[in-house]
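What follows is a set of structures for review.
Each of the next two complexes has subunit A plus one more chain, namely subunit B in the first and subunit C in the second.
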Partner chain A sequence: METFIQISINALALGSIYALLSLGFAVIYNTVRIFHVLHGAAFLIAGYATWWLAQEQGWPIYLAASTAVILAGASGVFMELAIYRRLRVRGAGFLVSFLGSLAALFFFEGLLLTLARTATRLPRAGGPLPTLHLQSDALGIDLFIKWHSVYTIVLVAILVVVVTLFFRYTKWGRMIRAIASNPDLAVAVGINASSVYLLVFVLGSTLAGVGGVMQTYEGGVIPNVGIRLAITAAGGVIIGGIGSMPGAVVGGLALGAAQTIASYYWGGNWAIPAGFMLLLLVILFRPYGLLGTREHRELRRLL
Partner chain B sequence: MPLLETRDLLVSYGPKQILNGVSLGVDEGKVTTIIGHNGAGKSTLIKGVYGIARVTGGAVVFDGRDITNHAPYDNIKAGVGYLAQGGQVFADLSVEDNLKLGGYALPNDLVPERMEQAYRMFPILDRRRRSDADTLSGGERQMLALGMTLMLKPKLLLMDEPTGALAGPVIEQIMGTIRSLVEEMGVGILLVEQNVDVGVRLADAVHVVEAGKVIFSGDPQELRDPEARRRLLGLA
Partner chain C sequence: MHLGLVRSRLLLAFAALASVALVAAACGADPTATPRPTNTPPPAMAEATATPVPPTPTPEPQELKLGFTVPLSGSYARWGRLVSAMQCAIDEIHASGELGSTTIELLPEDSKADQAEGVSGLRKLATVNDAPVIMTIFTGIGLAQKPVAEELGVVLFSSGIQNPAFAADNPWVFRNALNTIWNADALVRYLKDEANENLDGLRYAYIKEEGNDSIDLQVTRLKRLAEEFGIDIVAEETFQKDDVSFDTQVTKIRRADPDVVQVMSLGKEMGLIINTMAQQGVNPKYRLSGGGAEGNTELIRVSGEAANGILYSAPGSADTSADPRAQRFTECYSAQQGGNTPDTYDASFYDGTLAIAEALKMGADPTDAVSMRDTLAQVRSVDGVSGRWDYDDGGDAWAPVSIGQVQNGKFVKVIPQIEPFNDIR
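== the complex of A and B ==
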C-alpha cells in the first residue's frame, strides 16, 4: 500500500510535467499541423532562464520562475514568426517543416552548450527538497512526499482546467478549435489564421515553459534534454490519441507512470526505455491512441 | 448598376490558368446561376470573388466598390456571404458554436439575436443546439452551413452547389430558403450548380462557363427544356 501510494505520487508528479508538455504540443499540432520538435526549446528556455535569473542574478525564485515562463511563451512568437510562418509562405510541406524545426532545436541546444556548457544547472541551492512526512500507525503508512511534487500536481491540474475552459468558453478558444476542425471554413468565416497560429504558439510554449520551470527546479537542466522532451511530448500526444486534448494529458500521465514504475522496480536507467517502449506498444497495437476516435485516426494519417 | 460585377476576371493556381476573363453581373434580389462541367472554373469564380482564390487580373466590384482580392473578413463586413461546397461545418464543434463562428465577423451583441433567427429558420438546428455538427445528417449539415452564412445577413450570397449530394426533399427545402432570401430580403445570389435543373429553376439569369470563360449567357427560359440544353450546351 505504502509503495503503491509512493509510486503513484511520483508518477503523477512526473506525469503532470509530461502532460503539460504534451498538451502544449497538442495545442500546436492540432491547429497548425506541424511536428513541432522545437517545442523542446521552450522547455529549455524556461529551465535555463530560471537558473540564470535565480542563481546568477540573485532574483527571488518566484520572480525568476514567472519571468522564465513569460520568456518561454514569447519564444513561441519568435518560433512562429521567424521559422514556421516563413516556411508556410514558401509552401513547405510536413517533412521540410519538421526538418526545419529539428535543425532549429539542435542549433539551440548547441548554442546552450556553448553558453552554459554541459553542467547540470539547478536554480536552487541544491540538496534534497523539503518533504511532507505522512505517518499513521493505524493505516500502516510512513511516507515522505516532496512538497514540490504536490505543488507540481496541483499547478498542472489547475492549468489543465484553465486551458480546457479557455478552449470551451472563450471566443479565442472557439477560433482555435475552428481552425483545428476545418481550416478552410475558418478562413471563410473571416478568422485570421495567422493571428490564431501566433496565439497557439504562445499558449503551447507557455505550457512547456511551466513544465520546464517545475522540472528544472527539482532536477536541474542540461542542454541536450530538449529533443528527448520534445519526442516525449509528441509521444504523450500519440499515446493519448492525436487530435484529442484530454488524450494529450492522459498520454503524458501514462508516460510518467511508465517511467516511474520502471525506475522503481528495475532502476533509474530503465525509465526512458520504458517510456518509449510504451509509445512503441501503443503505436503497434492501438495506433489511434488511448482516447482516439475515428476522426483522430484520420488526423493520424497526416503524420 | 448591378450589385456585383466581375470584369475580365483572371485566376490561376500556379501555372494553371483557371479563369480566362469572366465578366458577369448579379442584381439585387435576383439569382444569377453559373452552370458548367466539372473543372470549368465555377467554384474558382466564386472563390475569386470572395477573396479565397487570388485574382491575377480584372476586377471584382461590389456595391460600387472595388473589392478585388479583399480578405474574406472585409468582404463579410461589406455584406458578402459565402456558402462553401459540400455543407462545410466545423464537425467537432456544437451546432451553437458553429453558428457563433458563422457570426464571427459580427459585433458580439448582434450574435444572440441572429442565432435565434437561424434557429427559427431551421428548427431542426434548435433541437440539436448542443450536438456536435458531425452527428447531423447531410441535409442538416447543409442547413447549418446555410444558417452560419445567414448569421451575417449578407446583401450578396455566393453559393457553391448548395444542393450537391442532397436528397429530393432537402433540395426542395433549400430551394425554398433561397427563394425567400431573394424575394423577401432582396438578397442577390451568385449560384454555382452542378444540378442544372435546380440551377435553372432558381435562376433569373444563367451563364454557362467552359474552360474558364463564359460561353453562353441568357434567359433561363431558354434552358428549361432539357432538349434545348443538350442542343445548346451539350449539358444534360
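== the complex of A and C ==
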C-alpha cells in the first residue's frame, strides 16, 4: 500500500509536468496546425531565466520564476512573428513549417550550449528539497513526499481549470475555438486570425514555461533536452486525443504514469520505451486518443 | 481542414521527430557498444628496465602534433579540463629544454563523449592535422577508435580509459590509467578492511547509468566479489544519461533497506540521485561511488551538503606534494581552471603526456607514427606528478586505486592506495 501511494505520487508529479507541456502544445497545434517543435524552447527559456535571475542576479525565487514565465510567454510572440507568420505568408506547408521549427530548436539549443555550457543550472542552493514525512504504524505507511511535488500537482490542476474556463467562457477563448474550428469562416465574420495566433503562442508557451520553472527548481536545467520535451508534449496530445484539451492533460498524465510504472517494475532504462509503447498501443487500438471520439472530433475541436 | 488529414499530418510529423530524436539519442548515447572483455586482473607489470633505443639521426627542429579527442561540449564537457592538464605538461616539458628544439602542439578535438564523433575526430586529427599520436578518453570511444587507429597507423594513447581490453593486443595503443574493475575492489576492500564490516550478508544496493561499459565492468566485478564474500545485492537500479527524475528507482532502493548504496554515474546525474535519496529518507550506513565522483563539481553544486560523506574510488597516487614540478602543475592548472586544483585524472593525463615526451627524448621522430609507436613501446617507466608509472609489454601502466571522501564540499583522499583483490578472478 505504501509503495503504491509513493509510486502514485511520483507518477502524478512527473505526469503533471508532462500534462502542462502537452496542454501548451495542444493549444498551439489545435489552432495553428503547426507541429511546434520549438515548444521545448519555451520550457528551456523559463528554466534558464529562473536560474540566471535567481542565482546570478540574486533575485528572490518567486520574482525570478514569475519573470521567467513571462519571458517564456513572450518567446511565443517571437516564435510566431519571426518564424511561423513569415512561413505562412510565404505559403509554407505543414512539412516546411515543421522543418523550420526543428531548425530553430537546434539553433536555439546550440546557442544555449555556447552561452550556458552544459553544467546543470540550479536556481537555488544545492541540496535536497524539503519533504513531508508521513508515518503511521497503524496504517502501515512510511512516506516521504516532496513538498515541491505537491505544489506542482496543485499548480497544474489550477492551470488546467483556468485554461478550461478561459476557452469556455471568455471572448478570446471563443475566438480561438472559432479559428480552430473553421479559420475561413471565423475570418469572414471578422475575427482577426493573426491576433488569435499570437495569443495561442503566448498561452502555449506560458504553460510550457511554468513546467520549465517547476522542473528546473527541482532538478536544474540542461540545454539539450528540447527534442525530448517536444516528443513528450506531442506524445501526450496524441495519447489523449488530438483536438481535446482534457485529452492533452490526460495524455500527459498517462505518459508520466507509464514511465513511472515501467521504471519501477523493469528498471529506469525502460521509462522512455514504455512511453512510446503506450503511444503505439493508443495509435493502434484507439487512434482518436483516450478522450477523443469520432463525434467529438468532427463537431467540437476544443473542449 | 479535414480531420483525417490533420491527424495523419500530426502522426507523420511525430514519426519524423521521433526518428530525429532516436538518431540524436543513438549518437549521444554513452559510447559503449563494445564486446565485454574478460574480467581478469591486469597482467603483472614488467620489471622497470629501460632498453635504450639505438640512436637515430636527429631530425631538424620539429613539432609533434599531439591530438586529443575529448568532450568539450555535452553532458561530459567537464572532462575538457584535461586539456589544461596536458597543456601544463607540455609547457613544463618545453621549459625544461629536454626536447631541444622539438616542440609539442596539443590539438584538442571535441568528441562530445560520442563514439561516432570520437572516431571522426581521430580521423580528422590523423588525416587532416597529421597527428601521429592521439590521446583519448572514455572506454566506448577508445575501443571504437582502436581499430581505426591501427588502420590509419597512428598511436592511440589514453590516461583515463579503465577498460582492461583497451591496450590489449594492439601495438598502436598505450595507456596509463586505473583498471576499472579495481574501483569495485577498492570499495569492497574498504568495507572489509578499513570499516571492518562483516561482508557476509551485507545488504548492498546500486543504481547505475545504463549503457556504460566501464560501469558494467564494475558491476560484473562487484557481483563476483559479492559471490566471494557473501554480500547480498538487494537492489539493482538503472537510469539513462540526462535523466532528471530518479524517484521511482530510489523508492525501490528504499524498500530494499540496504546497508550500502552505490551510485554509478560518470555524469551529472549523481547529484540529483543523492538529493532524491535524501528526500526519500534513504540514509544507508555507506554511500559509495566508483570512479565518477572525484572532481565531479556538479555533484557538489547540485547536492550541496548532502554530498558530504560519500566515499569514492579513484586512481591513486603517491604523495608528490613536495615535488616542485607537482607544485608548478597545480599552479598552472589552477590558473587555467578558475582556481580549481587538479585531481588524479588530471595528474594521469599530465603523466601520460610525459610518457609521450619520454619517447621523443629517446629519439622518436615526431612526424613518424611508426617511430613514435616503436619508441613508446620501449618506455619502461616514467616518474610523473602522480608517482611512478611502470609500463608493461602490452603498453599498459596501471595506477593504484585510492579511496576518497567528500568532506565539506571537497574531494579528500583518505586512503592514497588500497589493494585490489588480485587473488580473486
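Keep in mind that, in the parts below, the second predicted complex is superposed on the first by the 294 of 303 C-alpha atoms of A that agree within 3 Å, B and C clash if a C-alpha of one lies under 4 Å from a C-alpha of the other, contacts with A are read in each partner's own complex, and residues count from 1 in each chain.
Note that in this section contacts are C-beta pairs under 8 Å (C-beta built on N, C-alpha and C of every residue); 3 or more make two chains touch, one makes a residue touch a chain.
On a predicted model such as this, the values are computed, not experimentally measured, just so you know.
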Message = Quick check for you: in the superposed arrangement, does A:V162 touch first (subunit B), second (subunit C), both or neither?
response = neither
Query = Touching A:R177, do we find subunit B (first), subunit C (second), both, or neither?
reply = first
Touch count on subunit A, higher of subunit B and subunit C = C
Message = Just to be sure I read the superposition right, which of the two partners does A:G220 touch: subunit B = first, subunit C = second, or both, or neither?
response = second
Query = Is A:F94 contacted by the first partner subunit B, the second partner subunit C, both or neither?
reply = second
Task = Quick one: classify A:G190 as touching subunit B (first), subunit C (second), both or neither.
result = first
Message = Between subunit B and subunit C, whom does A:Y264 touch in the aligned arrangement: first, second, both, or neither?
response = second
Message = From the superposed pair, tell me which subunit A residues show up as contacts to subunit B and also as contacts to subunit C.
response = none
Query = Can you list the subunit B residues touching subunit A in their complex?
reply = 50, 52, 71-73, 76-77, 82, 84, 88-93, 97, 100-102, 104-105, 108, 134, 148
Subunit A residues within the subunit B interface of the complex = 171, 174-175, 177-178, 180-182, 184-192, 295
Remark   = Note: in the complex, subunit C contacts subunit A through residues 1, 3, 6-7, 9-11, 13-14, 16-18, 20-21, 24, 28, 73-75, 77-78, 207, 210-211, 237-240, 242-249, 251-252, 255, 268, 271-272, 274-276, 278-281, 298, 300-306
Task = Would you tell me which residues of subunit A are touching subunit C in their complex?
result = 3, 6-7, 10, 13-14, 29, 33, 35, 37, 94-95, 98, 102, 113, 117-120, 122, 125-129, 131, 133, 142, 144, 146, 215, 218-220, 222, 224-225, 227-228, 230-231, 234-235, 237-238, 242-243, 260, 263-264, 267-269, 271-272, 276, 283, 287-288, 297-298
